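Please find the structures below.
What follows is chain A paired twice: with chain B in the first complex and chain C in the second.
This part shows the complex of A and B:
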């Protein structure tokens, strides 16, 4: 471009010479070496500015901050390589009527029998003998041991689980106590079998939880039949996501204007509060109640079949909006109406039959509906009327929380806390894995330092939870880990990533880089060419000099 | 033992509960206005005891709202959804003394309990976000720039005995742009104990409500303490609307207005030129007969059984001299003042009220003006408009007129302006136009909080007076600022809405409204709001960023290319440089083609061989 302009400027004086120029063009006078040097310096300095100032500034202003994440460790957690979930459960044995020696021997044999029975290495039952004469301090023991076995002399081997405390009473005929030397004993096998059946459900649930995630294979138990797995899957999908606090909402819906008041507060205190109090170490609950009149269900038919049950709740009209504040809501609805549920009896398996009575049904992860038929002119619902609904609500609440179905209540709750900690641990690990995969898959996503902090905290708490599995602290650590992992994953500045397509970048960069870049590159190329030419000439000149 | 005790307790409780039955109350007041308008005021009020509220037991009080209030630590809440303009010149004073209305759009003010201002801001954010979800309105857009803390304008309406004034924070936010519509009415009706299924709420229909000339939906939540009784939390929901009767009577199946056929035209027959083909239209729709069912599209279906039976559900403000017919099962009670009557309805009966046409013939024919109760004259008329021109500066002028011949009006005038409207406070001026020659300043007190760009808006509160029978012109100038590219709304050329000014008329404490027992010596006697304004700002072309990129790039490239070439190229005479001409180009192409041909030719020769 510049060449043509200089030509046109200087063309006036050379017009006349053009005819002869074809044969002999004038050579420009040789350039001064200072000019050549200056030109090289100019080009070099331009390039230096571009490379040393332009590029770093561009890099600095357009680069995305990505905090360093321990990706390998995160993936290790997600794939179960970092933690081997082991639930060592301590079971204390009270045998006050046995000699110390005999008891020790029985313990050893039972432990053997247990280890033989157990096919799932993650779930360990460890027997220990509690010193005799400490029954009074049994509360203290309960803190550390999952179950206490009381051995009582009796006529025949029998076992009974205490309904309100975690004590298993086993009676044994005195002659069945193994001697010092015997290597097997019927009593030991019996105790082991009883223990195993007591913990069978917990084992099944935990092994199911592990099998649904990508935790390593060798830990996966073989004993899970497809049917059992299916019923466990059903149960897990039914239960709510773990949260430290739940809002319980009791609603009275009625199609007309009556009844317009109920004694729900007293009824909850009487029928539900005891269970809620027992659940306090694992969950907190807030309770609110409401009455809604003129509320029509979405389904008008008198007999409700299975499809109607899922659409009965009129989500558009009924004010069941989730509560604010983050904790999930469990809805308990008493609907005043004389509809009946018509389900073919073959349609249900055994576990469903326990949950769906003729008047109520459970909506997975949401709550319960109870149909309460009342006389037309009832204006007030008394506590006694509310007894059956509330007992149903209570049992459904336990199942919504994921409590196992067998065993005594304290045992079920301690099992619940173990299941929940395992569940949270797995959930937090898988969230970490997702975060790691996300950051690998999207190189243009920014990762603020708060995410790195969250990941570090999660991993620390996961480690602690993994080390203390089976104890109450594990639940706390797993809960913190899960919260931190979720917070890191749903970091706002990361989610709201701006999308800049490549065409957009070209549209922004090309108008500037094209016209500026071409002269720069051409100048550099010309200069390199000239430099090579000069070097060759210098070499030739040197050669010529040598030759002469 | 415990069971037995609790059983007795419950029996006792169940005896007590029916006494709460009067905790809900609803009433509809109809008031025909001049120019064939009809003001319908719906009022729903329910109470809950504070103890039940704190124990989360909701009966008449809506749970969805109660939860929000508790979560956000709200002690008192006022929410308004309004549309249209109240025509004070013809309709007179506002319903409820203006206490239940807001400026066009959505208005929210609340007293929040918080230790610090930051905590209050945080709770306010929670509150607006939650209410936004509940009422399907963009309340979550009430951010720092739209929030003010009024100092003189608002006073708590409820009683707050337990909290001192230091931890109660008043925050006020307004969204003048919000279009109020059916999606806001549905959640409003859901809050009522009888929903829209029974009682006066059955008359509320989105089509009619939002077709009104003016409407305002209000929700007020306040604690009320009567000495000697337990404090209660009161929620009052109000809907006021001014219906154009002619418009409402338009048949549903034929909603498009068409010119009526000749025989249906209403002509003024008293004119001398009145004939078959000449018609002077009668006074605009003044004398229509209507029924409740026609106006609202359906009759009222029964009464809400929860409502207080001592309060008649429907009242009509017309002089006793006018005859009104009602449907079966309805009992009419005339009030002693001779200006209103109420209707009591049997529980299951439908209510319809027929207001026949006023007979204009006959001896003692009442005039049209006598057929309605004459509206009260408001204590102040206010009008606000923009002055000035251009895209850089502008002015605001508010005309405040005191119609009373002998009484001075004292009030607080509050403006909350957006930050991009930078006012010049030194240009604030109040000028009297009227008989008053009083030269003392009309503005007694000024509270001004200047705007911060993109952080908060201007707050201007003036306590001022208007002398009797005079008009005050309040003017000030402002500068329009230029916004950033992303700060413009999607339809930027429409302009920006500026919230209504709130005028709180103060009383000397003689005739304040009943429930508000304010500790200060000045009582709020009534409120009014001006219309919103539409401010047009300089609006850019939104392809601007790309144009700027291309333009600056071109300029840089031109400058850089020229400079770089001058620095790097060597200048020689034209005959000294490499030859650049058409001939040479031709020759170059020829030689190239020639070599190509020769190669090709050789190849073909080889083939032939």
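This part shows the complex of A and C:
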């Protein structure tokens, strides 16, 4: 096509030149000045279009827009220079039976002992004395402090964690209270040890998170044993990726035609809703349920062994949608059948036996299956029957969400929110770093302004999250930061041109513009040559005239 | 020519014959119009009768005709066609409309031919002027050209553009520059590309001004008539705005031609190129293609200033090759103008090759399209290859005509070279 184009151009121009060319051999009459001028005009008319319209359009349409990114700041975030993840945990101490002076002293000693024990600088436990006589207002204190220690006089040193609130009761023999002058105290050391063990898991998880990212070495904890790291890695892979909303799907599968109804709504309200409610600050949940009759599992054998468990779910036939409305789905399946799980007797160790009871097992990052044996003629599954499955589902949900395993529920949840905010903070930072490295590595990639906006938003929220670490706002800011960072990184118009080296441009331009350009350039060159020749001749003529 | 009466009778006979042939084809083969309407060689996204039906349906149901992105034609077609009885129940009225438009085009062409502008313009008279065909013959060649008949049967709306362009030229030659500008504005309103014909048409009407009120300055003449075109176009646009109630028609009609957002295959060269194009270079190459199309206007106007009608003819040929959505309707318009240059035919060198290539592409094009779309045994390259051949044949014809016209001009200057072999260097 391009050749035909040039053909017609060539003809117009070369025909215009016949006079000059053809007559050169036979000494023709000289070219008329009008013809020369006309030819120049033709060439100028083509070049005017190229220069006045072509060039600006070329410039306009092929310049790569690169919004300015704060690369240094982004790399600072990725390498952990911009933010030291510090979790200041305030622990209030209620010691109503001690005198103010004594309590202060005990507090000081305990703090000392804690600081001595602490090998991980990111995790600060700060003790403070709550004013005496304000027990009834403890709800207010709970908002700001992670844990409350209640010191109660007793016979021997002992500690007990309240199962449903974040209160640690410590009893002490009255005589062990340190005096004003003593520089160490058994009681203080004891309290410090108790506190440390209470927060040991959180500390381990956070230091594990830091160690897996590129945050600088100095903050990396040394106290993490390889075994501990391995079990943490296992737990991290088991839990779902963080999302502000999860979709819970409760499915009842049965091999026959009954039961055909279940009281799942009432059961969820009764057994699961309380846990979902306390999880609200961290996650939202949407729920749907379904019943599928004549649903056969992939494994038919009566006793399921460990290998069968992974293939039990019949993914091809059971209607289990992977995700609804963008939120990841957690599947809870109750399968009506009298199959049992055969556990090898040796398999009772913590790593596997804890997961699989004789009736249910947890599928990592996916959900839970519960085998529910029912009499043959059951047509309706009552709330009571569903109690045990739902309690199992609830505890599995917590571990799927990555909740720590030890401690009371409020304590575990506040730990979860801190872990999640640290996790999101680190992920958003490393995404920022990847984006910065990408834009440095590919100078020809276009960066739309939406990416720059996203980066600015991410950094603002990261800063806020970093400043408020340990509080609920931190989770919100970290979540926004992570979403913005992901959106900026996966910007569509950027990904398309990920790899487009300059050599490709020749391949794009040359096939069309080459053939069009050759006659244009040659015409211009010939014209310039002819013009110079004419000028020289005119000059010589002028000289000759002067000479004569 | 033997007397006005005989000519009149012959003309009437010719028109009646052409109309009867078309009516016969319409009625004897009732499936033929719809078959041809569906052919990509005849119906492009901007001229298709099927798409017009869709737009008409939406328009009659008070929905914006451009909703759905199927209809890309001028809004003024809609009231015109909704005045006619529905083409599915009374197709005869639509047929009659298209036949009348064809006859009007032939009439304009006959006027152009009879004026003798092709052989002797205001600034140049060909030494071969005796050897030319009468307007009747040229009208007959147009009316019985299979491409014209196929376009008429396929009810492509480009026949309206053809008619407007031919009338613009005829009016310019007969010394009615304002009417010529109005006709050209209509053509541009319908298809946009005829706007590029404005410079040669201005030259033509400037050269053929009636002696009574001749305007001396070309600049003043140009400015005056450009303002006429602007005025008519803005009137047409505001009427369209009133009809559709929004400016949506601008991006949907002219925007589609400018950005080639509909990549339905056609006989042109654009669609395949832009199917393959990298997205980031798309806008650049769209600009390159459009600039390429329009770059010929200036050069040709300067080079063949003495014969503006030649410039118009050559440009119509170039548009038939390099337009974004060409069809055989553009070919038929170009072929309507070419017989005006009967006197330079002996100077053309590739007549046989051109005829062979065009026939080859005409027969193999539908076959390759069938292989690609229906049989599935070919791919897009089959059809694109044949459109390349088609483009090659057409451009060869344009080049050859250019060569012949320039040689004719040159022989006036150098009478001693008549009949001698020349070589292109």
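Methods note: the second predicted complex is superposed on the first by the 429 of 548 C-alpha atoms of A that agree within 3 Å, B and C clash if a C-alpha of one lies under 4 Å from a C-alpha of the other, contacts with A are read in each partner's own complex, and residues count from 1 in each chain.
Just so it is clear, a contact is a pair of C-beta atoms (placed from the backbone, for glycine too) under 8 Å apart; a residue touches a chain by one contact, two chains touch by 3 or more.
For clarity, every value in this text was computed on a predicted model and none was experimentally measured.
Quick one: is A:152 in contact with chain B, with chain C, with both, or with neither? Answer first, second, both or neither.
neither
For A:62 in the superposed arrangement: first (chain B), second (chain C), both or neither?
A:62 contacts chain C only, not chain B.
Considering only touches as defined above, state whether A:200 meets chain B (first), chain C (second), both or neither.
After superposition on chain A, A:200 lies in contact with neither partner.
A:508 contacts which: chain B (first), chain C (second), both, neither?
Both partners, chain B and chain C.
After the superposition on A, what does A:54 contact: first (chain B), second (chain C), both or neither?
In the superposition, A:54 contacts chain C only.
State whether A:42 touches chain B only (first), chain C only (second), both chains, or neither.
both
Identify which of chain B and chain C touches the larger number of residues of chain A.
Looking at chain A, the partner in contact with more of its residues is B.
Once the shared chain is lined up, is A:327 touching chain B (first), chain C (second), both, or neither of them?
A:327: touches no partner chain.
I'd like to know which partner A:456 touches here: chain B for first, chain C for second, both or neither.
neither
Just chain B (first), just chain C (second), both, or neither: which does A:374 touch?
neither
From the superposed pair, tell me which chain A residues show up as contacts to chain B and also as contacts to chain C.
1, 4, 7, 11, 14, 17-18, 21, 42, 46, 508, 512, 516.
Can you list the residues on chain A that touch chain C in the complex?
1, 4-5, 7-9, 11-12, 14-19, 21-22, 38, 41-42, 45-46, 48-50, 53-54, 57-58, 61-62, 446, 496-497, 500, 508, 512-513, 516
Under the definition above, what is the set of chain B residues touching chain A in their complex?
3, 6-7, 9-10, 13-14, 17-18, 20, 55-59, 62-64, 66-68, 71, 126, 130, 133-134, 190, 193-195, 197-198, 304-306, 546, 549-550, 552-554, 556-558, 560-561, 564-580
Using the touch definition from the top, list the residues of chain C that touch chain A in their complex.
Chain C residues touching chain A: 269, 278-281, 283-285, 287-288, 291-292, 294-296, 298-303, 305, 318, 321-322, 388, 391-392, 395-396, 398-399, 402-403, 406-407, 410, 413, 422-425.
With touch defined as at the start, can you tell me which chain A residues reach chain B in the complex?
Touching chain B from chain A are residues 1-4, 6-7, 10-11, 13-14, 17-18, 21, 25-29, 31, 35, 39, 42-43, 46, 249, 257-258, 260-261, 263-266, 269-270, 286-291, 293-295, 317, 319, 321, 323-325, 379-380, 382-383, 507-508, 511-512, 514-516, 519-520, 523, 526-527.
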